[in-house]
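What follows is subunit A paired twice: with subunit B in the first complex and subunit C in the second.
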Partner chain A sequence: MMNSILPLFVAIPLGASFLIALVSRKRKLPADIIANLSTLSLLVLSIIIFQARGVYKIGGWLPPAGINWVLDGFSNLFLVIINLISICATVFSIKYMKHYTGVYKYYSLFLLMTAGMNGVVLTGDMFNLFVFLEIASIASYALVAFGGEHEELEASFKYLVLGSLGSILILLGIALVYGMTGYLNMASISKAISSSGIGQVHIFAALLFITGFGIKAALVPFHSWLPDAHPSAPAPISAMLSGVLIKAIGIYSLIRIFFNVFGMNSIFGGMLIGIGILSMVIGVFLAVGQWDLKRLLAYHSISQMGYVILGIGLGGFIIANGGSLIVASLAFLGGLFHLLNHSVFKSLLFLCSGSIENATGTRQLKEMGGLLKKMPVTGTTCTIASLSIAGVPPFNGFWSKLIIVIAAMQAGYYIIGFVTILVSFVTLVSFLKVMRYSLWGPVSGILANVKESPVLMVLPLVLLALLCIGMGVIALPGVTEVVLKPAIEVLVRGAEYAGYVFSQL
Partner chain B sequence: MDVNLLLPVIFIPAGAGLLILLLPERVKVVQEVISFIAGSIMLAGTIYSFFFHTLPVPAPFNEVFRSTSFSSFLLMIAAGFGFFITLYSISYMWKKERRRQFYAFLLLALAGTAGVLLSDHILAFLISWETVTLALYFLIIGGEQGAQKGATKSFIMLGATDGLLLFGLALLWQISGKVLFSEMHISTNTWISGLSFTALMISAITKAGAMPFHTWIPASSEAAHPPAMAVLPASLDKVLGIFFLFTLCNRIFVIGEGFQIALLVIGCITIIGAVLIAMVQHDLRKLLAYHTVSQVGYMIVGIGTLSPLGILGGLFHMINNSIYKSCLFLGSGAVGKKTGTFELGKLGGLAKAMPFTFIAFLIAALSISGIPPFNGFVSKWMIYQALLESVKSGTLSMNIIGTIVFIVAMFGSALTLASFIKALYSVFLGQKTEKTQTVLKEVSFAMWIPMMTLASVCVLLGVFYLFFIRNILGPITGLTPVFPGVWESSFAMVLIFTGFIIGLLIYLAGKIVRSSRVVEPYIGGEQENPEVHRVPGTDFYTVISNMPVLRNIYKGQAKEYLDPFEWFGKLGDWIIMIFKKIQNGLLPWYLSLSLIGLVISLVLFLSFFITF
Partner chain C sequence: MVFALCFVLFLTGLYCILTKKNTVKIIIGLSIMEAGVNLFLVLLGYKNDGVVPIIDRSTDIVHFLAYSVDPLPQALVLTSIVIGLGTIALGIALCMRLYVKYGTFDIAEIRRLKG
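What follows is the complex of A and B.
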């Protein structure tokens, strides 16, 4: 029975988290081992159940009273992303975290965050979602502050304040929905809304969700905490935050609620498109002016999340307006594919920045130079990731952006297509800048003795870089059928989600 | 596996390129051997396919790639360049850093070029096109110290126009409903097809390097290795850009007069603008780079005439330009390799020590200046004829524009000659300098054979142009030119040679009976430093840069006012400055920003509901 392993996705990291706190206070080695084993087992599990579908009832209680966890194509995709990046980050942490004290706390928080994210993408209950979301968020507040310096604490405080605002708004939204429909179970809410139609209070709740999850996903204009918080965290955490956290607790929840619970309509779709374009444009222009490598990367996360939301919102908008289902699927494909790609190349970029910072002691582009020669593996993987995010063929980012552009143009939204291309171009400019100043050029005097990072740090870089090169194949029709089609189906079917859940009970 | 066309032209070069990338940098010889073999296979395959038996495109790929006789002809030329450049580089790159990167991306550029020339599907075209851009970036950035600046600028400019290419192609797809170029036939009279044409045209002429989007070429020439310049900006990028422009104007779109005039004007400005800048350059590579730009103007004008003669002239000029321009760049590379400098002021008197380089450079220089009987003359002459024809038959505005373009093109040709007289004098003639004194021997045969081969092709194409146009270029493009007047090249050739031999005899006679004696310069019995009395060629045309109107243009050009890269850079800075105001680091402002977002969306929704 596949469904019975679902609880493991929360139980393993949660258990490992407490175990580490218990046994590894003095020595670092047990923490390394436990953390890596648990993330590895999570990745294996998420791949094993990739084709599985089903509903798990916690304690055997039936909804709407009981909490159920739903495994569908959309959740599967996120599970793989979360756990893939987790294992890369934990492997990277082994050497990277050597210089920090209290590493056991770090791993405990890390695994708590993973547990929270896994819970968010599995649960089929609104309040349960909120609980997991808070677990992941609070763990991430603490992780951002992990360095303990002035800068980190300030960033963490900003993140905490804004994150709490988001949580409050989400909670208020959940309360409103509960008040209107009398349910907390997503499938039941969806059924109730589709029979009663969308009212003004629903709309208000939806707005609260957009704002709340928008803060969690760092979409413009709710993005302002991210450029401080993501660079301040230790590099593997930055990779987790940018690579998966904003997606799992922000984008995922937003999409799940809008598509499967409320049901898509053209106003929501238009809203998502608008937010997507704002994020893309503002994020990228803020990024290109940065000279701090990690900060530059953080701004790009905003911009790239814009792509994801634009693609998915566009698909929803087209369906809601009765447009071509093929074009809508194409837009969904582009959005989801870009989400997958972004988690790979952005984590890779943050890990590269960690590797560079570890070796050179700086994050300022102007203080670097000639690193391709000094750190060949980091330099090469960084080049690959930069070209991926800039959308240069044959790397993965090119394909997903291309699909979004084609979908927009095929739907007749030429301006959206043009803006998408423009933003991609500015992304290219900013990563050419990164490569020009950090990887090429003369080696500056201070960096003459820089060495390549140890094998354990380089290993995840190579793995992710190979994914950047190879993931283009997902765009091929046969592969998409297996990898992304199930998730797209969930979006296309929209409010039929309820029927699916009830049929699986 | 059956022999097919894609194997020698895409799979083997790309595979070999990737293989070289995987080899460690320390390994010597292997990289050269692999690239030489791959280059030879590509050349052999294309020659076989063009002349003997057209190789088929295999099954899953025949939906996206389609070989026509024209594309396989251009493919053969590209492969020829690839082969000669590889041969040349073996010697040139021997002790340089980043050889691995050079060979790998050279092969990938060739594979990408093959992809562009063969692809019929818009996506295959786009991907191949961008592969060439990417390869260009890595080829240039692997150059000397400081190459990263020019390479970054090139990638930014080409990346921007690659974006336009994507936009234009997606529009094409949307308006025609088709994805294959061969099935499209669109008129430019609706705004949307006009927009698509404009976007695609800009990407084509930027790749080719026409003004005002030419600035990446001189920037990248500053520190790139000459073979890298010879292979991409000087030849393959031209071939691709002009090939695409040709396809656009003749196959995909039916263009209106407005666009025709636009093309002519762009061509005309490019011819004169670039040559004026070229005249005042002090660096051999930069001088050549600006001439590369200038020559594109002729091609664009040729295609812009829209008559078979002009289009053939433009295409012929593209082929010729690739030949003599890569010969010139290779010549500059030979000079640079021997002397260690590209500064015209520091060079001089190399003709005796490097005779092959000198002869090849001379022939190529005469070709580019449009001197009969070399190939550059013939193609320019075809373009002039086509211009005059279209002036005769066109509307009033065409008459005026055509006449102006004609005059400017002629004038540009004269300036090109002037500029190359300066270059030839500064590098090969005149007195020896500190840098050139130590040069006693010619470069190795692997370097001069490619140059001499290219130079002899210049002569051959110039003399037998009629055969080439009527029997090869005409049939494969499906165009039949009508020559208003035929230039009797073989008779002229005899006359020119006779004149040359007579001149030589007189020179030799003078040398034998010479009654003067040559001594070192001296003043008042004291030996003088010959360096003081040397006349460098660099200041030949300072008078031009001091002319009243031109002076200001030169000043603006020096300050990069005429560079779209700078315009958009400034615009970008300005946008960044505005957006940075949002991100001021103050928590209260961040909080209120989020709430403002909430309120705005609330207002939007309310207004929606009121309208319902």
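What follows is the complex of A and C.
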């Protein structure tokens, strides 16, 4: 079954993308239908194969000569996240993109981006990863510029220059790894490195990968493009970029390469922890002062990605130093759970900001007010998402942050735990500001005629808000085993990746 | 020695991206950097006095394995050149649109986004 389904994750969006460009140039309806059907089918497929494991050999060629796609717990988790947010964003786009021209181009690029991301999380080959990463990145450069106005073009240019710089560094890293080991297949590289040990060239390649993927994931100090690029895109694209793109092509690749290809050691773990804390603290303090709603949300993405990298880096550091595996799994659980939660509540927040912008025509917090009365559904979902990201119980964000703090405390890193709590507090302050200015208070005069957004725009908001409320259950013992445990196992047994791939051939 | 020259090319591109103010020149810098990496990649598979990596009936396999250049980096470089072309075409298109909107190629004057 797996062999017939796996290619579809790239084939469906790629095919739909070109089909839309062919048939939907004049009218918008076919594009809406094709895009939504393809993202829906992708979500269904990703849930169907959630328990499946295996290796797909493209064209039947065996590694290291051929390219293979590897389906393990970690890839499964990302497939579900990517395709869940995709379907929410495409449903939201039906009404939101009404005012734009050339909607077929929008959907084509959107599906290209989805195809690229699905490919990145499935592939088991370094160069294949680079190709899919570039498909997703180039589509996203174009989507950021989709509005075609001054700010959009400027943001897209910045994003393009920095993003391509990142890609070139990644390519140089891949070239160095190929030169050292003679393989491009991740499992073969992993085997070669574990027998030869880590040398100076490997460390240089690792630094190139940290910089390259760090640029793609907008980790501090490589974050400068994100606060411009994410707010400039149309709202569903902002949701995709912040919700999944930086995770799928940045965080995922970074983790896959460090845990499964190079093998974790305490230097890499320490680096990840350092970058995580830096992103967390700097991101949140830059966010507090913002008055543009989408820009504020974009800065929070940097900060929340810091939590994810911190949790995962902490786990790797503990394992590399021979610490307790239980504490390390707890740190991985916190990091991955927060990644899952962040994609849900951050896409929800960006879609809410799109709904508000669509109804009121503004993104400035100072010009809003009393929207909870005027737009009850958007207002309520926005409140839920704000409380989730700020880490207020019982919403999902609270549980994942709590797990990261507990893991840090149990490992004896009290300062890290304290910083995490402090950052969470500042996040709360900044989202109280959002709620105070946009949702509560008197209705400002210009907004007297504002109405709730249409049903198709509200539907994904409600779905994501329900997930925000309900996803706390994933932290419960019985459910974690099914949802997150397989992904955690991949990280805990990072060195066994090569053996796993070769055993599945 | 050759690899050092690739690195020089790479750094030239990086210098160009970091210091030039003209948007088109920044894109040219990206292109130079990419050329440096591509050259490095293709040189990895090169052998002195190597033969073309194509097998026909009369080829002696042992001799072939010892003397043929590595064909894999060549395939990779082809792909990466195409990807680079896509990026650069998009970059130049953005430069043109920016010129239409702002009336300048100077990035010091294209700065509405800050904070």
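In this text, the second predicted complex is superposed on the first by the 505 of 505 C-alpha atoms of A that agree within 3 Å, B and C clash if a C-alpha of one lies under 4 Å from a C-alpha of the other, contacts with A are read in each partner's own complex, and residues count from 1 in each chain.
The rule we apply is simple: contacts are C-beta pairs under 8 Å (C-beta built on N, C-alpha and C of every residue); 3 or more make two chains touch, one makes a residue touch a chain.
Computed from a prediction, not measured in an experiment: that's the story for all the values here.
Undergrad: Have a look at where A:F157 lands relative to subunit B and subunit C in the superposition and call it first, second, both or neither.
TA: both
Undergrad: Once the two complexes are aligned on chain A, which partner has more residues of subunit A within touching range, subunit B or subunit C?
TA: On the superposition, B touches more of the residues of subunit A.
Undergrad: With the two complexes superposed on chain A, say which partner A:E149 touches: subunit B (first), subunit C (second), both, or neither.
TA: The answer is second: A:E149 touches subunit C but not subunit B.
Undergrad: Would you sort A:I168 into first (subunit B), second (subunit C), both or neither based on which partner it touches?
TA: second
Undergrad: Could you say whether A:L456 touches subunit B, subunit C, both of them, or neither, answering first, second, both or neither?
TA: After superposition on chain A, A:L456 lies in contact with neither partner.
Undergrad: Taking the superposition on A as described, I'd like to know which of subunit B and subunit C A:S424 touches: first, second, both or neither.
TA: first
Undergrad: Looking at the overlay, does A:V131 come into contact with subunit B only (first), subunit C only (second), both, or neither?
TA: In the superposition, A:V131 contacts subunit C only.
Undergrad: Just to be sure I read the superposition right, which of the two partners does A:G179 touch: subunit B = first, subunit C = second, or both, or neither?
TA: second
Undergrad: Let me test your reading of the model: by the given contact rule, A:D228 touches which partner, first (subunit B), second (subunit C), both or neither?
TA: both
Undergrad: Under the stated touch criterion, which partner chain does A:I198 make contact with: subunit B (first), subunit C (second), both, or neither?
TA: The answer is neither, since A:I198 touches no partner chain.
Undergrad: Show me the subunit A residues, by the header's touch rule, that subunit B contacts in one structure and subunit C contacts in the other.
TA: 157, 161, 165, 227-228, 289
Undergrad: What part of subunit A is in contact with subunit C in the complex they form?
TA: 127, 130-131, 134, 138, 141-142, 145, 148-151, 153-157, 160-161, 164-165, 167-168, 171-172, 175, 178-179, 184, 227-228, 232, 289-290, 292, 295
Undergrad: Given the complex with subunit A, which residues does subunit B contribute to the contact?
TA: Against subunit A, the touching part of subunit B is residues 123, 126-127, 130-131, 134, 141, 145-149, 151-152, 155-156, 159-160, 163-164, 166-167, 170-171, 173-174, 192, 572-573, 575-576, 579-580, 582-583, 585, 587, 589-591, 593-594, 596-598, 601-602, 604-605, 608-609.
Undergrad: Using the touch definition up top, name the residues of subunit C that touch subunit A in the complex.
TA: 10, 14, 17, 23, 26-27, 30, 33-34, 37, 40-41, 44, 72-73, 76, 79-80, 83, 86-87, 90-91, 94-95, 97-98, 101-102, 110-113, 115
Undergrad: In their complex, what parts of subunit A are in touch with subunit B?
TA: Spelled out, the residues of subunit A in touch with subunit B are 157-158, 161-162, 165-166, 169, 200, 203-204, 207-208, 210-211, 214-215, 221-222, 224-225, 227-228, 267, 271, 282, 285-286, 288-289, 387, 390, 392-394, 398, 402, 405-406, 409-410, 412, 414, 417-418, 421-422, 424-426, 428-429, 432-433, 435-436, 440-442.
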